[in-house]
Structures are given as C-alpha cells and as structure tokens.
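Just below is one structure, and these are the notes that go with it.
To keep things simple, chains are lettered A, B, C, D and E as they appear, and every chain counts its residues starting from 1.
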Amino acid sequence: MIEIKGVHKSFGDLEVLKGIDLNVNRGEVVSIIGASGSGKSTLLYCINAIEKINSGNIIVDGIDVHDKKTDINKLRQNLGMVFQQWNSFPHLTVLENAALAPQIVKGFSKEKAQEIATKELIHVGLGDKLHEYPTRMSGGQQQRLAIARALAMEPPYMLFDEVTSALDPELVGEVLDTLRLLRDDGMTMICVTHEIAFAKEVSDKVAFFHEGLIEEIGTPQQVLDNPQRERTQQFLSKVL
Amino acid sequence: MIEIKGVHKSFGDLEVLKGIDLNVNRGEVVSIIGASGSGKSTLLYCINAIEKINSGNIIVDGIDVHDKKTDINKLRQNLGMVFQQWNSFPHLTVLENAALAPQIVKGFSKEKAQEIATKELIHVGLGDKLHEYPTRMSGGQQQRLAIARALAMEPPYMLFDEVTSALDPELVGEVLDTLRLLRDDGMTMICVTHEIAFAKEVSDKVAFFHEGLIEEIGTPQQVLDNPQRERTQQFLSKVL
Amino acid sequence: MNLFTPLSWSDSGFILTGILNTVYISVVAIIVGSLLGLLVGFVRAESNKSINMLLGAFLDVLRSVPLIIQLILFTTFIGAMGYPLNPFAAGSIILSLYTMAFMSEVFRSGFDSVPTSTIKAARSLGLNYLQTVRYIRIPIGMRAVFPSWLGVALSVIKDSALVSVIGYMELLRTAEQLISRTQQPIMILIGVGLFYFMISYPLSRYGKYVERKMEI
Amino acid sequence: NASADKLDDVIKRGTLNCGVVLDFPPMGYTDKDNKPAGFDVDYCNDLAAVLGVKSEVINLTWGDRIPSLISAKTDVVVGSTSDTLARAKSVGFTYPYFVFKFQVLSKKGVRMASFDDLKDVKVGAALGTTYETEYFKYADSKGWGRDNYTSFKSENDAFLGLYQGKIDALISTNTNIATKLTSGQFDGFVAGPYVPNYDDVVGLIAKRDELAWIKYLNLFLVHQIRDGRLNELHMKHFGTAVSPDMVQSLRDNK
Amino acid sequence: MNNYEFHWNVVFDAFPQLLSGAFTTVHVSVLSMLVGIVIAVLLALGKLSNNKVFYHFANIWIEIARNTPALFLIYMAYFGLGAYGIHLSPYLAVFSALVFINAGYLAETFRGGFQSIPTTQYSAAKSLGMNNIKVYRYVILPQMFRRIYHPMTNQFVWSILMSSLGILVGMNELSGETQRLQSTSFRTLEFFMVAAAMYFVITKLVLFTSSLIAKKVFKGELS
C-alpha cells in the first residue's frame, strides 16, 4: 500500500505540491489527470524519491520513503517507474536494457537476469527484438521496453508518467494495450495520463490535480462523467 | 482541374502507387485517408512534381505535370503545398517567409510581395506576428504560417499533407479552423488527413488509400459512414 | 659591434609589422579558405559517391599531413618546378587550402543540416534549384555552422604561426628574431602569447555564446 | 628566352636575392634596428654592387638554405655552407670563401681539456650543421652514444640553450664563439678544444646547373681576395687581419 | 619538372632513421594523449565543481590551451621555462606542450560529453534502484565514452600532426629527423615527400584502427 500524507514540495519559491493526500491499495489502479504544471509528475518523482519533499510523508508498504534511514535503492526496487520521454539505455540491446538492473541491483546471475528480462519483454510484445538496439525502434516499442525494464525488477507497484504523450498517435494504442495487460495481471499502478478515455476504462480511482492540490478524486464515473467541481468540468470540457 | 490517370510510382523495388485515378474539380475538397505507408504523401509529392512518376499522367488545368517540356517551377505556383512537418524558414521573419516566393519567383516588388503576404497572414490569424521569427512560435502557428506562405502565391489549388499530425492536440484546432476558412473561401484542396471527423465535415469526396491503390472513394457519407469494403471498415474501426 | 641589445621602443614598429603580417595572412586564409570551402562543401553535399571519394581523398591528404611539412614541401616543390613564390604567397596558398579542407566539412554539414522537407517546401513554392540554394540552403545552413566556422577560423589564426618556417615574418618569427638579439625569451614570448589570447579568447567566447543561443 | 641564364636574370631583374643565415654572428646577424648585418651580408652587398643591382638579403635558417635555392627564393646563398661531397650532389659549390675551425664553448668550471671531455657533459649544436655531423662521427667512433646530445633548430637557439643551462657545452665555429665571447654576454663561458683534424671549408652555393653563374661567383670570390676586400671585412667583423694561412688555404682550394 | 632530379637512394639509405623518427612521433603523441586524458578528466571535474579555486584553475588552463598556438606553447616550455632554469629536453618540451593542449581540449570534450547525457537517463537508472556508482558505471560512462570517442580520436590525430613542431626545437621525431637528413644531404624534396607520406600513413592507420575498435565495441548502436 502506498500512503501519501500531506505532502508539500517546492522548487525554490514555487510551491508545486501544496498538501497531497492519497492512498493506493494493492491491486488498485489510480489515474492522475490535470493540466500541465499542476504537479502530477512531481508527485510521482517524490514517491520514487527522485525528488525530496518538504513536508508530509510517503509510506510504501510501511516504509517511509523520505526517512534518512531508508535504503532508497532497495525501496525503488519495489516501485517501477516509466517516464514520458522514453529513456532506454542507447548503448545496450533491448535484452541488456531489461536485464541490467536485475543483474547489478538484485545481484542475479546473468542467465537468471536475462531469463526474467526475456519473459517480461515477451510479455510486452518485444520477444522478437531482444538483440536489437533501442535507437532503431519506434517510440512505442521503446516505451514498451521501458515498461518491461521496470517489470523485470518484479516490483509490486508501477508508476507511469504520461507514457504515451510523446508518442505518435498510431503508437499510443500499443502502449495502452500493454498497460491494460498489466492491470489485468493485477498490478498496482499509478498512471499520470492525458488519455481520458483510457483512464475511464482502466482506473479504480481518478484524481484530478489542480495547482498542486487534488481538486477531486473518486471513481471514473464520479470524476469523469459527473465532475462536481467547476475546475474539473472546465478541464474535461477542454480535453474531450 | 487536377486529373490523375493511372499513376504508378516506385521507390527502387517498392511499388508505392499502383495505378491511381482521381479527378479533383475546381472548388472541390477531396480528403485522402489511409494507413501509414499507403502512399498518400507520395501522391501529393507526385502532383507537385517533387517526386517523378513511373507511368500514368497528372494533368493540372490541362498541363501535364510530368512532361519534360513543362516549366515545373511555373506550374508549382498553381499548387500550394503544406507538409506534415512545419517547414518555416527559420532565418526569415514571418512576413519574410510569406513574402519570399512572391518576390523572387513571381518577381513582385518587395512592397507588393509584403502586401500580399500580410493579407494572407492576417487571413490565417498571424497578423500580430509579422516580425516574429518562426522558431519562437508554436507548431500550430508555424503550420498556419506555412499555409499563408503557400497562399501568398495565390494558387488555385492547395495540397495538404497531414498538416495537423505533428501538432500537440491543443494546437490541432486552430489549424483545422484555418482549413475550414479556406474551404469556405472556395479553395480547391486535396487534404491527406488522419482527422476523420474533420474529413467528414469538410470534404466533398473522401478517398481511402490501401497499399498504393484507391480502395474506396465517394462522399463522406458513403465512405466514412457506410464503407462498402472490408479494408475501409477495418481501418475506420481502428482510428475511430 | 653590438650583438646583443635589449628590447627597446624602437622595436615596436618591428613588432607591429609582425602582428600585421599575422593578421594579414590569417585574414587571407580565412576568406579564401571559407569561399573555397563553401564551394567544395556544397559540391560534396550534392554530388554522388565517386566525386565525393575523389574530393574526399584530396581533402584527406591536406588534413593528414602536418601543416609545417606541407608548407616546406609546397614552397620547395613549386620553386623546383620553376615558379618561385614569396613566403607570403606560398604561405597564403597552403594555409588557404588547409583552411578549405576543414571549412568544406563545416559547410557540408551545414548544407546537410537543412532538412529535405524545408527544401521541398521551398521547391513547392516554385523556387528553382538555384533560388533554393541561394535563399534557403545557404542562409539556413550557414547560420547553423557559424560556431564551427568560427572555431576553424580561430585555429587558422593560431596555425598561421607555422608560416614562419618558410620565412614569412609573422609575429612568432619576429619574436624569435628579437629573442636571438636580446636573449630575453620570457618577456617576448609572454607578449606574443597574450596577443594570440586576446584575439582568440573573446571570439571563442562569442562562438560559444552563439552556440548556446542557437540551442535554445 | 631560352639561352638566358641566372646571371642575365639577376641583371635584368635588377635585384640580387642573396640568402644569409642571420643567426650566425659575425657572419650574419640582425643589428639593433633589426636589419641584417655581418660578413656574409657585406659579401652579398659587394656582389650586388659589382653586378650593378640592388641587394636583397634573405634571412635563412641552416635548414632553409637548399630549399630556398631550389624554390628560387634565392639566387645564391652566402651561408657558410660546408662543401661536402654529399651536398655537392645536390647543389653547386663555388670556391671556398672562408675556413672555420669547429670549437667547443663551455661553461666555466666544466672540465674541457680535450675534445674527449665532451663525453661526460651535456653537449649540443645546431641541427643539420656540419659540426653536428662531425661530432656524431667522432662520438660514434668512440662509442659514446647520443644521450647527452641536444639538437637546436638554429645557431641562436643553441647559444640560448647554453646560456640558459640546457647544455654545458656547445660546438660551433671558432669565429662565432669568438664573437659571442667578446660581446660580454658570455662571460661565464670559455672557448675550448677544436674538433680534431677538421677544417671547415665553406663556399657559396647556387643551383647545380647554373654553371655560368657559378663561374661568375668564383671570379667574384677571387677578386674579393685579390682586391683586399676579404681582409677589410675580416678587420671589420673580427677585429683582426685575415690570417695568411686562411688566405693560402682559400687560394689552394680553388 | 624544371630540371630537378630526384635522388631516391639517399632516402632509401636513411630509411632506418626516418622510421626511428616516426617511432618517436608515435611515442610522444601516444604518451601525451594518455597523460592528457588523465589531466583532462580532472580539469573537466574542476569545471563542473563548485569549488572556486579548482574551477578557475581548470578554466585558466583550458582557455590558455585553446587560445594560443601550439608552437608558442612549445617555445614557452623550451626557452620560456629555460629562462627560469627549468630545462626540458626537446622531447619533454614538445611532450609537455602537447599534454597541456590535449588536456585543455579534451577537458571541454569530456565536459560536453558529460552534459550531453539527458538527465532522464539518471532518473531512469535511479528508478531501477541503482546507486550512484552503478548509475555511472553502467549507464552514464558507457554512453559518455561513445560520445567522446570520435573527438578523442581526432585529438590523437591532431597530436601526431602537431608533434611535427618538434622540428623547431631540434627534437628527433619524424620532422626533426627529416630536417637533419635533408640538411646533410640537401635532398629536401625527397625527404619531405617521404615524411609527408609517412605522416599520412600513420594518421590513416590510427583512424582505421579507431574505427575498427569502434565497430567492435559499439557494435550496431548509435553511429
């Protein structure tokens, strides 16, 4: 379970998160929507401790992420993360990309690491690209590689930050399909997304961010079909 | 009138156009849809003689485009073209971009060229950006600049190649509005597009391309609402 | 008889001539080398494999043989052929060719950096080949490579010091002669170093500034 | 025109391009106005005068001498060029116009009783000179190796190197060393032994095939001796009369 | 040809000396490259560091190296330092000038290579649970190496070509050896033509080897 309690976060003078509370239970899929700059990515970065927070707590399976005593590299193994901009490691093949972390972080043997990696790559539909270099692949394929790479660490949680928004329209579908697959596997996920239809389809909960606060949260039906808050309505009318 | 008769076109071994027949009358708006790689862009390039054809004829207002004796630079003045990737000239201001061709191709005086350019730029809504450099503008604005630049040659025909598909979603609208404007002005247009809703709204005819052939052609109602061919149905079910 | 005489004010004219000679030959080499480089770069960007191979091989030799050897070899050779050249002429020719070898790559990458889609856009407006080159490819391509161009130009100024080996009285050779006479290398050398630095440093800063500005 | 030779060329051109090595005082150097001066420069001027043309002195390093001739930058090099048989395959030599001894100049306090003492000190000379070759020949015959030897691009660099202490001793010509010692700048140094059994006989050089030109130069040299000009210039640049030995040797060698 | 007769047998006889000169050329360039790389890493770190002293030291070094002629720096190392009683042999003078310049140029290359790796690569690697050392060892440095490989090769070629300035301080590398040989035999054209050819061959060999290595190490990725 991920528990986010009263999280504040500033970049210099700019307060980006102004007190976020959010719980994500095992097996749940939570989508975060909201205008650009509302702090959605920042929250994900804070959950993964890539950014420090100013106050509040983020607890993952009982462990305080931002506690100094927490072994952050160990914790991150539980939190797979995929970014908007695909960032495959260009100097490694697809298989090596996915096998790197299991091998050097978890300490698996090369064979074992590659076995897991291969499994996940097949899972996301890249079984025929194992020895390709990612720079030769489309954005959608690279994004699926990034997902497989995160999955190869076998994390209980996955964080997705607008993983389709840098993709050409025709490539969006294949990546969303992969996310659906994960949902069906029962993966716990937080998805920052602009794809409202997708959010409606896969989410258990949808949170609408506005200027560093959760303006509205609830089931997709509540938030997306019957938004109560004016800001949510405005936002939805613009993107739909 | 643009008459396309039995056009074949290969790149090396790859036959991209396998016999295209299509007539576009003055004042008509024809939309071309179809999967990636089906040859849509290639056809536009061939109409504008940017690519040579292997056989067949393309006749614009009675002039054979691919005849050796045709003065292609003169012909192109009748065929405005706008590309998927906005191609503003980065070293010139917006006004200079649009005034360049009238001045050096048509031989207008600088004043006259700028006058026409200004008129077209105001038409597409860039009246307040005349002395801006295009690199400072959004993709949508650059795309409208490209349209104005083509219009400044006062061509009777305009060819549009997926002019919105490289744009961020929020910028698509402004460019489509500009196209609507042109349609309302009575401009003859061929639009390659992925925006089915837009195609349905503005077109007199819609042609569905499949692997280098026109699989189906007719009014938007015929092709988009009641497609007869299985391939058209498949394609539409995927993109809608 | 006075073999060793200290540096004096009367030497300033002599030094100034050295400075002017350095500036003079550098400017000639940069201008001629850039023009030739523009031409060769364009030909290379436009032409097929075999012409490119030929040109490439020639440029390769210019880039793979030390400038100092080229200078000595060229002056000796052309003289032996019966066309003696003074150090300035011979130095300018070799330095210009050497500059061209590097400039042509700079300009070639400039021409290549203009997207084909932009060229197609220009052609679709009815611009013919030459108009496209003149109004689109050269201005866009050249802007993109200005920092690299400046980099090559600065290295030419520095390399011009080597023309001293064929007897051209540029700054460094002037300095050497003064050192022989005064036996005071330090002061004179530092002065020379400062001169180069004062030309090169601000310009290279400016180049970096432009580069950064272009990235944004 | 085809039959015109160098002599005609020079007279027609009205200038004599005369190469001199200007870092070899007192044969060639630059004075305080950075103008060429020295024995060789005066020879150039004398030659130009008898030809009735303007004298253009061209500054060369040792290594430049041949390239300057081949590239026709110079018509003649008055540059203390040792008349070795190897070089004579490439350029044309005149009669000798001067005879040098090769000598060691060393720091005071460095033991330099005989030439063999060079074995144990850091020694240097200008690159590509005959004394460098002679030193190598001697060192090789004694099996010294070359680790203690440093080449310099030019004569001046060699003296600067000795002055700065890069080397303890250098080899140059007796004349050059004598001049340097009288200048006062080399007070801490002493002239030492000569290179054993070697007289450095030097001539003017020109292109090998310009026979008429070389003949003219030969006659010029003879006249310099006969007319007393050699002696005059020796007085001017060395402060002493030219020794009868040297005059004899020049006459013999011709 | 205006009655210049080539005498190739002189050159042929002197070939061992030319080869030994070529060896010295390669020797001094390789060594100056290796030492230059080590210093360049330190200078690059200096330019990236917040320590003012370290930063300015690196900056001054880099700017002097990049903005003054190599020939000047060689003179400076030879006669400039000599005036203070620091006596470098011709080899050491050329070597230290080349090291100084290589370090200056390579430092900028390294810094550029370092900064060209997108920060998203760090985030991605960290999000996989890698600690800082692993992030650098497995993700950042290998990518950086690819980016600096070609500039480094070019710098190496530059070093080879610039070591020819050894001719001006009487060093026994290829050019100096050539100069000596032509001074004693007076066969200027022949010797310098052969020297030019040797330089050409050496640089081509270096470039060829470098691209072979690149093909092997970088396999198909990037270009």
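We adopt the following convention: a contact is a pair of C-beta atoms (placed from the backbone, for glycine too) under 8 Å apart; a residue touches a chain by one contact, two chains touch by 3 or more.
The structure presented is a predicted model; accordingly, all values stated were derived computationally and were not measured.
Peer 1: Using the contact definition stated above, find the chains touching both chain B and chain E.
Peer 2: Both chain B and chain E are touched by A, C, going by the contact rule given at the top.
Peer 1: Count how many hops through touching chains it takes, at the least, to reach chain D starting from chain B.
Peer 2: 2
Peer 1: Farthest chain from chain E, going by mean C-alpha coordinates, please.
Peer 2: Max centre-to-centre separation from chain E belongs to B.
Peer 1: Counting C-beta pairs in contact, pick out the pair of chains that comes out on top.
Peer 2: C-E
Peer 1: Taking each chain's centre as the mean of its C-alpha atoms, which one ends up farthest from the centre of chain C?
Peer 2: A
Peer 1: Given a C-alpha superposition of chain A onto chain B, how large is the rotation in degrees, taken in steps of 5?
Peer 2: 170
Peer 1: Using mean C-alpha positions as chain centres, tell me how far chain A is from chain B in Å, no decimals.
Peer 2: The answer is 39 Å.
Peer 1: Distance from the CA centroid of chain A to that of chain E, rounded to the nearest Å?
Peer 2: Each chain's C-alpha centroid was found; their separation is 46 Å.
Peer 1: How many Å are there between the centre of chain A and the centre of chain C, using C-alpha atoms for each centre?
Peer 2: Chain centroid spacing, chain A to chain C, equals 53 Å.
Peer 1: Would you kindly tell me how far, in whole Å, the mean C-alpha position of chain E lies from that of chain D?
Peer 2: Taking the mean C-alpha position of each chain, the two centres sit 38 Å apart.
Peer 1: Hey, what residues on chain D touch two or more of the other chains?
Peer 2: If we look for residues of chain D contacting two or more partner chains, we find 67, 70, 160.
Peer 1: Which chain C residues reach two or more other chains?
Peer 2: Each of 72, 76-77, 80, 82, 179, 185 in chain C touches at least two other chains.
Peer 1: Mind pulling the residue numbers of chain E that touch at least two other chains?
Peer 2: 4, 79, 82-83, 167-168, 188-189
Peer 1: With touch defined as at the top, which chains are paired up in contact here?
Peer 2: A-B, A-E, B-C, C-D, C-E, D-E
Peer 1: Quick check on the complex: what are the chain E residues that touch chain C?
Peer 2: Spelled out, the residues of chain E in touch with chain C are 1-2, 4, 63-64, 66-72, 75-76, 79-80, 82-84, 157, 161-162, 164-165, 167-168, 175, 178, 188-189, 192-193, 195-196, 199-200, 203-204.
Peer 1: Taking the touch rule as given, give the residues of chain B at its contact with chain A in the complex, in rising order.
Peer 2: Against chain A, the touching part of chain B is residues 36, 165, 169-170, 194, 238.
Peer 1: Please give the residue numbers of chain C that touch chain B in the complex, ascending.
Peer 2: 115, 117-118, 120-128, 131, 135-136, 139-140, 143
Peer 1: Which of the residues in chain D end up touching chain E in this complex?
Peer 2: 62-63, 66-67, 70, 84, 86-87, 89-91, 126-129, 132-133, 150-153, 157, 160-161, 164-166, 209
Peer 1: Per the contact definition, I'd like the list of chain C residues that touch chain E in the complex.
Peer 2: My answer: residues 61, 64-70, 72-73, 76-77, 80-82, 154, 158-159, 161-162, 164-165, 172, 176, 179, 184-186, 189-190, 192-193, 196-197, 200-201, 204.
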